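Below, each structure is written out as structure tokens.
Two complexes follow with chain A in common, the first pairing it with chain B and the second with chain C.
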Partner chain A sequence: MTAHIEQAPLVRRVFWRLAPTRLFADLISKSWMESVIPFVLFVGIFTYLYIANPAFGTIGNLQSISASFSEFAFPAIAVGLTLISGGIDLSVGAIFALVDFAVLFMIGVWGLPTWLAILLAIALGGVIGAINGFLIGFMKTRPVLTTLVALIIYRSIFNLITLNYSEELAVIYIEDPTWNFIATGRILGAPVSAATLVIFAVVAHVILRNTKLGWRVAAVGSSKKAARHAGINYPLVLFLTYCGAGMVTALGAIFYAARLGSVAGPTGQGLEIQALSAVVVGGISLAGGRGTVARAVLGAAIVFLIQNGLTNIGLPGYFTAGILGFVVILAVGADIRWEKNKGKAIEKTLVNPIVFSFASTPDTSPGSQSPLALNDRLKDAEGLAVGLIEGPEDVVVDRLGRIYTGERQGRIIRFSPPYFNEREVFARIGGRPLGLVFDKDENLIVCVAGMGLFQVDQQGKVEKLTDRTTRNWLSILDNSRLRMADDLDIAPDGKIYFSDATDRFDLHDWTYDSLEGRGNGRLCVYDPATKKTRTISHGLNFANGICLAHDGRSVFVAETWAARVRRYWLEGPKKGKLEVFLDNLAGVPDNINRASDGTYWMAFAGMRSPMYDISMRHPGVRLRMLKQLPRDEWLFPSMNHGCLVKFDESGRILESYWDKKAEKHPMLTSMREHKGYLYLGGLENNRIGRIQLPDADQNWTAHDSYWGKS
Partner chain B sequence: MRKIIGLLIAGVIGSAVLAGPGNAQSPGWIKSAEFEKQIQDTLKGKKVAWLPESLSFSLVSEWTRVMKEQFEKDGIEFIVRDPNADPQRGSEILSAYINEKPDLLLIHNPNVQLYARQLEQATQAGIPVVQVNMVSNFKTDAFIGVNSVELGRLEARRVVELCKGKKVALMKGSVTSSYSLDITAGVKEVLAEHPDIELVSEQTAGLWDPKGAYDVATTVIQQHPDLCAYMGQWEPMDAAIAKAAEAAGKKPGDIKIMTVGGGDPIACEYIKNGMFDTFFDYQSTLQGQEYVDLVRTVLQQRAAGIDTAAARIGIFTPIKRVTKETIAEGDCYKTNQ
Partner chain C sequence: MGIFSRLLEFAGIQKAEYDFIPSLEGPWAPNNMLEAATELFIPSSSPDMVAVEGDGDLLVTAGKELYRVAAGIPSLVRAFPGTLTTVFPDSDGSLWLGCEGHGLLQVDRVGTEIQRKTEVASVQLSCITSLVRHHDGTLLIAMGSRQNGAEDWIHDLMGRARSGCIVALSTSGERVIATGLGWPSGLALDHQGNVCVALAWNHCLQRYGLNGRLLDRPIPNLPGYPAHVSRASDGHHWMALFGMRTQLIDFILREDEFRADMMRNVDPRYWIRPTLLAEDSYMEPLQGGSIKKLGITKAWAPPRSYGLVVELDENFLPLRSFHSRVGGRHHGITSAVRSGNQLLAVAKGPGILLSIELEGK
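Now for the complex of A and B:
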């Protein structure tokens, strides 16, 4: 049948296909996007300063500001750490001042060797931080209050010390090669402090993101309670976090001491606020659990450049402070709005329909000569296990004639002949079991939506075969995870071919995939020999039923929303090709299975309607429908009125089975032939159907057909 | 060397000697119009970079106001960047200045250590540096400002006059600033000669913080109700001492409060109403003018090829003793000019 396809204009098709909103939705759901905005801001400010101030970009200036910046970045990282752990450290300024004093005093007055003084100074930072950590972690005091009080106490101690030692401090002059190197040395042109910062930041970033300790810090920051339930010793994690923050702050203070050699009242004063501004601007959440070292450094760079830039244009200091405060409020606001509305924004831009043009629907009117002509052959279908099962999407029959099916609650249920009225829980998998098939050794292989590919042995023992496949590198979202494993079949060499209906929507949102009509499905293959899974083809329009041809040389793949069946060649001259086999079907195809006479059964889960065809050509209509109408009023294939068809190897539809009055089997998603009977499944049915096939081979079983008589 | 110092004293006129030793006529013979042009041409377009401690101090903003006004007349580009009392920002600004190579750096040191290394760098880079009012451990081309040790001596001498055998107290500003250290040293130098006077307190107000001064003074006055005098180090801070005395039920004059500073309006007001006994005024408006003159001098000497950095000169600006009897219009500046 060749039908004329009414195509939409190219521009419209391309516009909806490109779907910038989809790009947007994909991008904002990536966690690295949260660093992109500060990064752009940083590049923007840097470029502006570079252009506006000719002196800014000189090597000398970049060297000197990078030294000064590094001294600021260390405490910013420290505050970032505590923020990620769900707390805050307001005492960094005072720790900074104390360490500044200590290291100068140790070298300049006590005459300790430089390296020893530096180690002791870092240890001092660690000890002061540990006091905070002890209180917050083990005594469970609140971080804001604790570190605020700590700030006041440490600052007072600092003031007391500087008062008593002011004369000694005023004349300290350290002439030591190591100390001078730290102060003014260069490593590859960068000040020692900047070089140290780079190395430190990379290491700390990796520790925080990729180690157990780092994950624990973030876990405690996200939810202390959940972390505790997960067995994390959160007091210890918090203790270590604050202790670490103290040491990191100390690093900054040591470089400061080396460069300026000065202890003054205002040393480190207000540093906590600047550092806090930095990390918030960098995108570390005040709510805890979210942030990286890179973001802390980025935020520090932004705040530093803003201050530097504003100071250099000669703005009085109080204005600079005010503008910085304003920037922080903006950043905090943005952080809160982002957290609150990100989900909504993704949801609003989640579905991105495209133009999909169907040819005119094949005739199914009763009395027509078409093999699809509406009939009532399912009128006398028996109902098995009526009311004992909920949603048998697929059914499979073993050699003893027992029926297996998955149900909505994630279990595999077995019914035994002759009455099929006793419900037996065969296995509990979870998820939503869909396609079922027996392998050569009579293990049940199951596609579970939301989980992946599973195997259940004859004793009912469940084993996961795979839950991920090779990702599509053109996709922004990592789609390696199987989202909706749907149906499967096994090739003679044992490889399991299965469909992943959509990689964008979960089972309960499968209707969205239909609205999109974009093709988010995949054909995958799992090789039991290597235990590896590979994506053969993506972009399939709701990849659904899978069936191996009788000769085992090709696989049929149903593409539900496209009303189409494809054929993937495993062998022969077309090996590796995926061709269109049946096109412009009257209904939306679901499962496909072998018939005893060398042909194939296929279920139409629903029939196309003219309205559905039109709506598929108008993405805007579908989008408005999605946003303005409840789900049950959407234009959709008529899912309550399906049928069974039989087709042969040449692609001819031979006959059809209808339930005209929609009483017995209004919805058909699957059928299995077994010893002269055809067993029927339906995604939303409360029964398994059975009809007799008097003309069929009364001894035919799928097992024999696949694996030979045994 | 001696010759160079000599030349410095001789100033601008002397520079002509170096300029043209081969001329038949001595180069000092210059017509007035030419001389005026020479001064103007030398100064015009010069870049002077000013690093104050914080523009939010009235003293500093008064200097800045005067300098801006004067330098504008000379056609000097006057760059002001405000670290707002943040040492780290101050050092950043100074680094930036050094990179930008202005014709002269004008530095207000928050303490003796902070900028010392950077000032050395600036000097090595050939930039003339003038330090104002507070001196660094590293001495540069010139220092100009009040002799802060002398301020302390003056305060203490007045106290010695008034409080024989009695208790006195001293309020310190920032303990690491040379200014505060110097005043303290001056006070102690004089008091050492008068062991009959007991210095009962020398606490700090924090960072020139009036609130801190108020708290400290309140405690000291409570502990020593018979306190005879209180020596301060900066007018707004010392005004808080007067307030604390008032709050403790003292009448003006019960405790003789000494103050020093550049002429903040509050000092004149408190002198008039008797809350301050004596004010040692280093007259910041005048100081600003003196800074300008020194900058003009150094710029012209440099232009003439004189190595001013080698001289490391110092100029102490005059201190005026202001009391209720001697107070005159103009002893204090007006804020927000």
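Now for the complex of A and C:
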């Protein structure tokens, strides 16, 4: 109506473009975010202690506290391990004490060689843990009760032994270089215990995250029943977990013994609670199945620093314990809220619209001189296979004149001339087959939304070509999976250029992408020689129709919601460039295909209505519409009407074919020229249309145009 | 809506409360009876109102013209200088007319002017939507808006104007009964002598005492925008609804900035709005439910235009309704009357006087 187009203020445009809510949602959907909060906490406490107490940051102090920290971190890892497996180990303190006694006794009283004593001590830890594991895994006792009882029993045993051997233990003095090295040695400046911890933690972390065994532990922790149904021998997994936890605890105890060289009643007392608070603060879920070794170590560091700091201030021990308990409650509460609300928060920020300002629409009024002037040339389109097909988004014709099309139910259907009234299931792929094209050897290459790029040979055998492409490293979410492969074309060298309309929404949610107007689509290329897929360009606004120029030197890409067509140069001076070719189209473009006279056909799946244009510059309105109204009430582009246009190499629109009343071809999504006819498809239609092109080359076929006369 | 309440809403503390749109069920259940109605008369300009004279003849206003339909044969009574917005046949055989730009006219049977009023109770008469004579002789006059003319009703709706009023004219004097109404479109009297008014933008029926006191709301929430209301001889009332509310329209009525942008930059024909007859053009906004699937538009798609007449009992409670649904043509019903066993309705959208045979009594 008016030539002047109102622009939204810059601040608003930038705000909606940046979409802080989406950034937030993307971030919290990553599992590594769960370690970020404990990490920040750790850095904060560390910095505070460093500033508050100058002596804290000295090398000497750091070395000494890292030694005692390591002794604490091992049992914390052990508890973390059992938590991940869905249980708990409360007996670590007692195991710790027993091993501490055993290793000192073996070396100091029995005089065993140090290495043997250490191995035996680890084995002892393993055996004690194995008893827990046997009860919990095979006897199916409850972890809390079992390990609580174990704690009492082991502790009693320890008390008995220390009472009986108090004389021997009082005079222990070990003079052994290996033992001394373990006690006071340095590796790269770090105490042996700290160095061992680092190496051990890295290895354990990798084992837990990246090996079958680790995955099984987490699977059992998530759901014992599901793990069993998946064929996991969960009693064995639990047995091994507790056995391992015992051995890891033993490691800590050995370093403790080496450093202090004595055994006393309170050794390891209250350790289980400290370790438990450490792993919970570190972000290992009490519910099981979630957690890593790194988190256990991180949590141990936090708890250790708090304890250390509080003791330095001079607070009594019971007070410290109270504060720790409080911290645990906070952490557990935060964990539960996080798990409960994370999904909701992500869901709330699913759609993030932007300000998209269209220029005023080109004239389409009937009777005007515009090539787009409304006419009724599709009114008499012949209906083929009416009622035999649901949603032929794209149609393709082979050399024998048979029509192939994908349908809603995920099959490829074939109709044969002359009547096209017999429905023949050519292939069953699944997903939603969209773009189709024949390659040189007359294999049908299909873009399947939700699945990827597929090939169907002449016998109807289906083969997956690719379902992944290179990811965008600027995107927080991994978008390497193809989400909505839409249309494709093949270059003379056999490379398949195809579009992935959006990497954020599924096909039935294409409306969301239209409401966003952000550009989540991609142009990709699959190379059959290397079987590799690469993303050429991302951020396209619903990348849709793809067509190779007649000379094979460039590719046209329709950007539906932006109402424009881009051209990607394969050769020549602009090679590798993606330029805007047609802009401010009257409708939203869908498929593009070659015409026999050296020009191109393009389908408008819908037209831009004035209200649609206005709504695109009000992202807040679109967002509220989406939240307050049901989908049937949302404002859409005018998808009931659409037309075909023809454009040439220079970017001129030459003519248009309209279905004025939208009776036969509402939402026209594709057209294919073949031997003087134009075949029409529609995403939501119940027919394939056909119109005669009297002026066209009556022998022209796409196959000849692409691969030469045969 | 203020930023604060939006924040509360986002935090889930305050739930958004919007007028819900009642669904079409019970007496409102959709049918196809209006679409199947006989097309009786198609005047040269689109008709607006139909009324029954004492002798059973029909009066039809269409643009500036007044027609009389006697025994099914229409004849032109007279063309007036302004658009006719309402007609009321008085008991003495004269006719009262709302004539845009000329106020209130009283004419005789053949259209000769008897008297003219341009002001009642110091209110300038314009946009007269309905007239009714009370038992005590008072003439009640409803004015749709004091800002916009009758033809500009869509601006009145989208501008969220609430400037309609009801005034009374009697031998004892002139007075204002109610003001600040959202487009009062039809007046009717109940048997106690109270006046019931259909408010289009408030989509409700409100009842007032002649002293101006608001008594009650017989129907507090209508699914569409009411037009004229008429009373039949059996005491029942017939109400026409010229358009249906949709959630999208109600939504943009809450979105002030967006609506202002629309009103500044888009041709009113293509606004998000109720219309009297959808154009089936891609320039009109399309709603998700209206997308054709397998070649078919769903009849329950959000209506841009719709045809609906409802019969109300003596207490203005709905009894039954007549529909022309999405995809039909008999849309934009502005007036309906019962004459004998015939229901007459004006479909202003396509410009047709419709007739439906009702079962006899």
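List of remarks:
Throughout what follows, the second predicted complex is superposed on the first by the 688 of 710 C-alpha atoms of A that agree within 3 Å, B and C clash if a C-alpha of one lies under 4 Å from a C-alpha of the other, contacts with A are read in each partner's own complex, and residues count from 1 in each chain.
Methods note: contacts are C-beta pairs under 8 Å (C-beta built on N, C-alpha and C of every residue); 3 or more make two chains touch, one makes a residue touch a chain.
Given the structure is predicted, the values throughout are model-derived calculations rather than measurements.
Upon superposition of the two complexes on chain A, no clash is found between chain B and chain C, which fit side by side. When the shared chain is aligned, chain C comes close enough to touch A:Gln628, but chain B does not.
Look at A:Tyr256: by the touch rule set out above, it reaches chain B but stays clear of chain C. In the overlay built on the shared chain, the residue A:Thr58 is in contact with chain B alone; chain C does not reach it. With both structures placed on the common chain, the touch criterion links A:Gly576 to neither chain B nor chain C. When the two structures are aligned on the shared chain, A:Ala321 is found in touch with chain B, with no touch to chain C. When the shared chain is aligned, chain B comes close enough to touch A:Ile172, but chain C does not.
Of the two partner chains placed by the overlay, only chain C lies in contact with A:His618; chain B stays clear of it.
Look at A:Pro266: by the touch rule set out above, it reaches chain B but stays clear of chain C. Of all C-alpha pairs spanning chain B and chain C in the superposed arrangement, the closest lie 44 Å apart. Listed in rising order, the residues of chain B touching chain A in the complex are 54-56, 79-89, 91-93, 95-96, 98-100, 110-118, 137, 174-178, 181, 204, 206-207. Contact residues on chain C toward chain A in their complex (touch as defined above): 16, 18, 246-248, 251-252, 255, 257-258, 261-262, 264-267, 270-272, 280-295, 297, 301-302. Those residues of chain A lying in contact with chain C across their complex are 1-2, 6, 390-391, 511, 606-607, 609-612, 614-615, 617-618, 621, 624-625, 628-642, 661-664, 666-667, 684-687. The residues of chain A lying in touch with chain B in their complex are 55, 58, 60-61, 64-65, 67-68, 71-72, 159, 162-163, 166-167, 169-173, 183-184, 256, 259-267, 269-270, 307-308, 311-312, 314-318, 320-321.
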